[in-house]
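Data block below; observations after.
All chains are identified by letter, namely A, B and C, in their written order; residue positions are counted from 1 within each chain.
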Amino acid sequence: MTKLKLTAAAAALAVLPGVVLAQDSVPGVNASTDSVFIFNSLLFLMGGFLVFWMAAGFAMLEAGLVRSKNVTMQLTKNVVLFSLASIFYYLIGYNLMYPLGDWAIATTKIVDGEEVVIGYLSGVFGPGVLEAVGVTADAADDYSYASTGSDFFFQLMFCATTASIVSGTLAERIKLWPFLIFTIVLTSIIYPLQASWKWGGGFLDAAGFLDFAGSTVVHSVGGWAALTGALILGPRIGKYKDGKTIPMPGSNLTLATLGTFILWLGWFGFNGGSQLAMGTVGDVADVSRIFANTNAAAAGGAVAALLATQFLFKKPDLTMILNGALAGLVSITAEPLTPTLGAATLIGAVGGLIVVFAVPMLDRMKLDDVVGAIPVHLICGIWGTIAVVLTNGDASLGTQLYGIVVVALFTIITSGVVWMILKATMGIRVTEEEEINGLDMAELGMEAYPEFKAG
Amino acid sequence: MTKLKLTAAAAALAVLPGVVLAQDSVPGVNASTDSVFIFNSLLFLMGGFLVFWMAAGFAMLEAGLVRSKNVTMQLTKNVVLFSLASIFYYLIGYNLMYPLGDWAIATTKIVDGEEVVIGYLSGVFGPGVLEAVGVTADAADDYSYASTGSDFFFQLMFCATTASIVSGTLAERIKLWPFLIFTIVLTSIIYPLQASWKWGGGFLDAAGFLDFAGSTVVHSVGGWAALTGALILGPRIGKYKDGKTIPMPGSNLTLATLGTFILWLGWFGFNGGSQLAMGTVGDVADVSRIFANTNAAAAGGAVAALLATQFLFKKPDLTMILNGALAGLVSITAEPLTPTLGAATLIGAVGGLIVVFAVPMLDRMKLDDVVGAIPVHLICGIWGTIAVVLTNGDASLGTQLYGIVVVALFTIITSGVVWMILKATMGIRVTEEEEINGLDMAELGMEAYPEFKAG
Amino acid sequence: MTKLKLTAAAAALAVLPGVVLAQDSVPGVNASTDSVFIFNSLLFLMGGFLVFWMAAGFAMLEAGLVRSKNVTMQLTKNVVLFSLASIFYYLIGYNLMYPLGDWAIATTKIVDGEEVVIGYLSGVFGPGVLEAVGVTADAADDYSYASTGSDFFFQLMFCATTASIVSGTLAERIKLWPFLIFTIVLTSIIYPLQASWKWGGGFLDAAGFLDFAGSTVVHSVGGWAALTGALILGPRIGKYKDGKTIPMPGSNLTLATLGTFILWLGWFGFNGGSQLAMGTVGDVADVSRIFANTNAAAAGGAVAALLATQFLFKKPDLTMILNGALAGLVSITAEPLTPTLGAATLIGAVGGLIVVFAVPMLDRMKLDDVVGAIPVHLICGIWGTIAVVLTNGDASLGTQLYGIVVVALFTIITSGVVWMILKATMGIRVTEEEEINGLDMAELGMEAYPEFKAG
C-alpha cells in the first residue's frame, strides 16, 4: 500500500487482482465481529514480536555465559537456528502440527460485501493456503477468529524458542553443522509432532493434559533435547577433574543480564499471547492477569535464588539470580492464568530454588550444561506442569504426569536417534585442540572481541 | 487455554468453575463498551511492558557508567530491586496507594449475559480482589473502564522505576543488603503513600497539583531518595582530592548508550500509557501527541547537551548527551500532552542544559552521583513539574511548587530516617579495602568480565 | 490526565479549554468508525515505537563493527543524528513531504457531539496544525482515518532511519560536525522531497511506481547518500595496500548481533506499519502476512549468507550472516504483502547472496564501507524494488527502474553537492594522526572502554 492521500490510496488498495480491501465498507456493518477478529490478530502479532525478541535474549544470555573464545560461534548458532526454524517450520512443521485438511480452504472471504484476503498463500509455486489454528473450513468461523498470518507468525516463534534452548547446554564443544542439522529436525518434526498432541487437538489434549503456554510442550522439549545431546556429547575438557567441578565463568555478565531482561520481556508475549484471544472483555482481562502473574513468578524466582545463594554460599550469585528469574518464568508457563499473584510468586520461587539446587547436582552427575538450561527449562518445565494442579481445578496430577512422561519419552528417543546418527556419520564434537583454542578461531576464523586480550 | 481447534477450545474455555469467557456472546451486543474496555486494558499492557523494559535500560546505563570492578554488583542490584518492587508493591504498596474498600468487590461480572472474571484474585490464601484505578464498586463502571490486572501491571512498573533511579547514584560504595532493604521500604511505603496523594485522588490532586506521568511522583521521589542516601553515604574514595574532582569514567559507553535508547523507548509507554485510556478517538489522539512530544523532548535534551558541551568544553561529551536525552524525557513527563512539538522540544532542551550545568555543580558540592541521576531525575523532575504552567492553562505555579515541596519534604524525611537506621544498625558502606578492590569480588566473589584485564 | 478515580478524572479530563474528551459519549454511538480510527492510530504508534528501536539497532550494529578506538564517536553520531532528525523533520521535512494546504485545517472536530482534539498544534509560537497522511480538509475523512500525531510519529521514524544508514559507511574517518550538518540537510530536505514523489502522492506515485515500505524511498536513498559520501571521503588509511584489502575486524560481534536482532524486530513495525491501516479485517490480515513475510525474508537472507560463505570461504562468516539477514529485510521492504512465504524467503535469500558477493566487489573498487551498508541498503534496496514485479501484478519493470533511477540521480546530485560544499568549507575528514589514534580521543577525548587494553 502506498503512503499517500486517501483518494489516491483508494485506487492503490486493489493490489491483488479481484480483491478489494474492506476499509470503506466497514463503518456501521458488523463492527463487533470485526473488532474481535482484529483484536485477536493483534494479540498474535504483539505476542509474536515479543517472543521473537526472546531469540535475541537467548543469544545475549548464551554469549555472556560462554568464554570469550566461543562467543562468535554461540552468536552464529543463535542467529542461524532462528532462521532455520523460520524456514523449516513453514515448510514442514506448521502443517505437521495442524491438520492438513485446512489447505483446501479458499483464501478469500466475503466480508461486508467485499472480497477480503484472510487466508495465506503459502506455496512457493502454487497457491497452498495456511489457515489459522481454531479455524474450520466454515467461512463464518474463519472470519470470526483471527488471521492465518498472525497465527502462523505467533506459532513459529514458539517453535524457534524450543530450538534456542538446546544451543546453550551444548555450547563450547559441539560442531556447528551437526547442531544446525539437529535444529532442522527439531523444528520440522520433533517439536511440531509432539505439539500437535496438545495444541493441535491430539490425544494429550483429549486426555485433559493442561499446558497453557508450554512448560512441557516448549521448555521441557527443548530441555530433553539438550539433555540427550549433553549425554551423548560429554562434558567440556577440564570441566570435571579429580572429582571436582572446575568453574568456567561466563565472559560477560552484563550481556547475560541483558539477555535475561529480554527474555523476561518476551515472556509477556509468550504467556499472554497464549490466551489466543483478546477480543472480549473476559479475554483481555485474562491476558492482563497473565501478564501480572508472569512478572510475579519471575520476581519470585529471582528473589528465591538471591536468598538461597546468600544462605548456602554466603554470597549472592548473579548467574543464579538470572537463572532464578528464568526458572520462575518457565514454572508459571503451564498455568499463568488461574494462580493469584501470591501463588504465582510462590510457584516462581520454587522454580528459583530448584535452579540453585539442581545446578550443582547436575555437576555432580558430570552433566555439563554450560548455561544452566536443563535446570531452568527442563526441571522447572516439569515443575510448572505439575504445579497446574495447585491452582487449576480442572487439572489432574495423573494426567499431568502422563503428559510429561509421554513427551519426555518421545523427545528423548527421537533426539537420541538423531544425535547418534549425527555422531556416527559426521561427528558432533570438535577436536580436543579446537576445543582448547576455542570454536571461534577453529571453526569460524573470527573472534568476537579481537582487540581485547584475555587475562 | 489450549491452542487447539475452536470446537475443542470452546469446551476448554471453561477453565474456572462457574465462569464462561464471553467470546461467543459478543457479536452484536454492546460492542462499543467492550471495545473501550479492551483498548484501555491494551494501553495498560503495552505501556506496562514498555515501562518494564526501562528496568533493563537502567541496568545497562548503570553497568556502563560504573567501573568494571563494580559491574556485577550493579547488575545484581538492578535485577533484584525490580523483583523486590514486584513483590512488595503487590503485598503492600498497591493497596496503600488506592483505597482499600475496593477489596470487597466481587471478582466476576455479568457481561453480555455471561459471567466474566474482571477483578483479580490477589490473596495468597484467600480471595482478596484488586480493582482497577478509576473503578468504583458499581458494576457498570467496573466493566466500562479497564481490567484490574492490566492496571496493576502498569502501576507496578512506575513503582519499580522509582527504585531504579536510586541505585545509580549510590553505586560503587553501598552494601548490597541495606540497599535492598531500602528498596523494600521505598516500594512498599514511601512511593505508594506519596503517589496516593496525587494519583490515588488524595490532597495534592484535590489541590489541583498536575503531574501527568510523574516528573515529581516518580522521578523526583527517586531523586530525593538518592540525594538523601548520597549525603549520608558520602562520596567514593578518591573522587574529590585537593579541591579537584577526579574523573572516574564509566567502563562501557556502548552499554550506557544502549541503556539510554532502552529508556527512551520505554518512555513512550511511561508517558503514553499515563493517558490511562485509548478507547475513544480523543484518547488515542492524545496518546499519539504524547508519543510525539516525548520523542521531541528527548531529542531537544540531547541536542542541547551536545551544543552546550561543545561550547563549554570544546568537545561534545557522550555521557552528557545521553543524560541530556534522559533529562529531556524527565522534563516532559509532568505534561506531555498540552505542549506543541516545538514547546516540547524546548522544554526538553532546557532539561539538557540543566544536566550540563548541574553535574559539575554537584561535584563542587562534593555530592558524588555516579551516573548523574540527581540532575536528570531530581532537578529535571522539578523543572518539568514547573514547566506544566507554560502550556497547561489549568496549572498554577503556586500549586506546582506546593506539590514539589510537599513531596520533597516527605521523601527526604522518610528516606533519611530509613538510611540513618540502616547506617546505625547494619552499616551502609563497604570497607575502604572492599571499595578499592571493587564490590564485585568483595561482596559477590564474581567478576563481570573475568577474561578481560583492566588497563 | 491524572491517574485517579474516574469521578475525579472526569473533571480533570477538560485539560484544554473548550475541549472535552469523548470517553463518556462513545458507548452506542458510531462505534465502528471510532474503532477504525483507534486501530489505525494504534498501528502507527506500535509501528513507530518499533521503528524507533531500529535507531538503537543501528547504533549497536555500528559500534560493534568499528574498531574500539572509534566506538564513542559512532555512538555519539547515532544518538545525535536521531535527535536532529526528530527536530528537523518536524521543523521542515514533514511539511515538505505532505502538502501544506493541510495547515489550514481546524484542530478540533465534533465527534459524537463532543469537541475532540484530533489535529496537532505544531507551531512553537502559533497554532500550526499538522494533519495526517490520507486526511483531507473534509472533517468526515479526518475523523475516519487516524490521528495526526500518530502519523507524524510513524513518518518521523522513517526519516531517521534514512539518516542512520549513512553513518555506518563513513565511520572511522569522517569529522563529527560535517556529518551532523549533512544529516540536517538529509532529514530536512533530501529525504522528504523525494519521499513526497511517492508517498506524498507525487509524480512517481502517479506513474505507478510501487515501493510499499521504502526499499527505494528509505534504504536506497540512505545508501546513495552513503556511497556519494564514501567516494568523496575516500577509504580509511591502510585499508587498501598493494592491491590487497586489509581486514579491519569489528571490535565487538556480540553488539553487532544484538543490533541485527534489534533491527529485525523493528522491521516488523517498519513493514507492518506501512500497511497504514489496521481497522478492518482485511487490513489486519494484510499486516499479519507482512509480519510473516518480513521474518521469512530475513531468515532466507541469513541462511543464504551462511551457505554462500561456507561454500566460498569454507567457513561461515558471522558478519556476512548478520548482513545477510538485514539484506533479506531490505529486499522484502518494497513489497512485503503480495509474496507467499516461500517467495518472501527466496527474495530475502537473493538479498543475502548479493551481500556476500558485493562486499568483496566494493573492496576491489576501493570503496570503503565500514559496516557493509551499501550492499545491504543500496544494492538490496534496488533488488527489492525490482523484485516487486515478481509477485505484484500491478508493477511494471520499466516503472520500477524509472523510480530507482530518478531517486538515485536526485540523491546522488543533492548529496554530492552537500558533501562537496562541506569538504570545501569546513573539511570532512579528520587528520591522518587523528584517524590513526582513533576519533574517540581526537574529537571527543573519551574512550568507550577505558579500562580494557587493546591487544
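One rule holds for everything that comes next: a contact is a pair of C-beta atoms (placed from the backbone, for glycine too) under 8 Å apart; a residue touches a chain by one contact, two chains touch by 3 or more.
Fair warning: this is a prediction, and the values are worked out from it, not measured in the lab.
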item	value
Same or different residue numbers at the subunit B/subunit C copy interface, by half rule	different
Cα superposition of subunit A on its sequence copy subunit B - rotation in ° rounded to nearest 5	120
Chain centre separation in whole Å, for subunit C relative to subunit B (CA means)	29
Residues of subunit B touching at least two other chains	31, 35, 42, 46, 252, 258, 449, 452-453
Contacting residues of subunit C [partner subunit B, same complex]	1-9, 15-17, 21-23, 26-29, 31-32, 34-35, 37-38, 41-42, 44-46, 48-49, 52-53, 55-56, 59-60, 63-64, 71-72, 75-76, 78-80, 82-84, 86-87, 90, 111, 114, 116-118, 120-125, 127-128, 143, 147-153, 156, 176, 252, 255, 258, 443-453
Of all residues in subunit A, those that touch subunit B in their complex	30-33, 35-36, 39, 42, 46, 50, 67-68, 133-136, 141, 144-145, 155, 198-201, 205, 210, 212, 249-254, 257-258, 260-262, 264-265, 268, 272, 274-292, 295-296, 298-300, 302-303, 306, 315-319, 321-322, 325, 337-338, 340-343, 345-346, 392-394, 449, 452-455
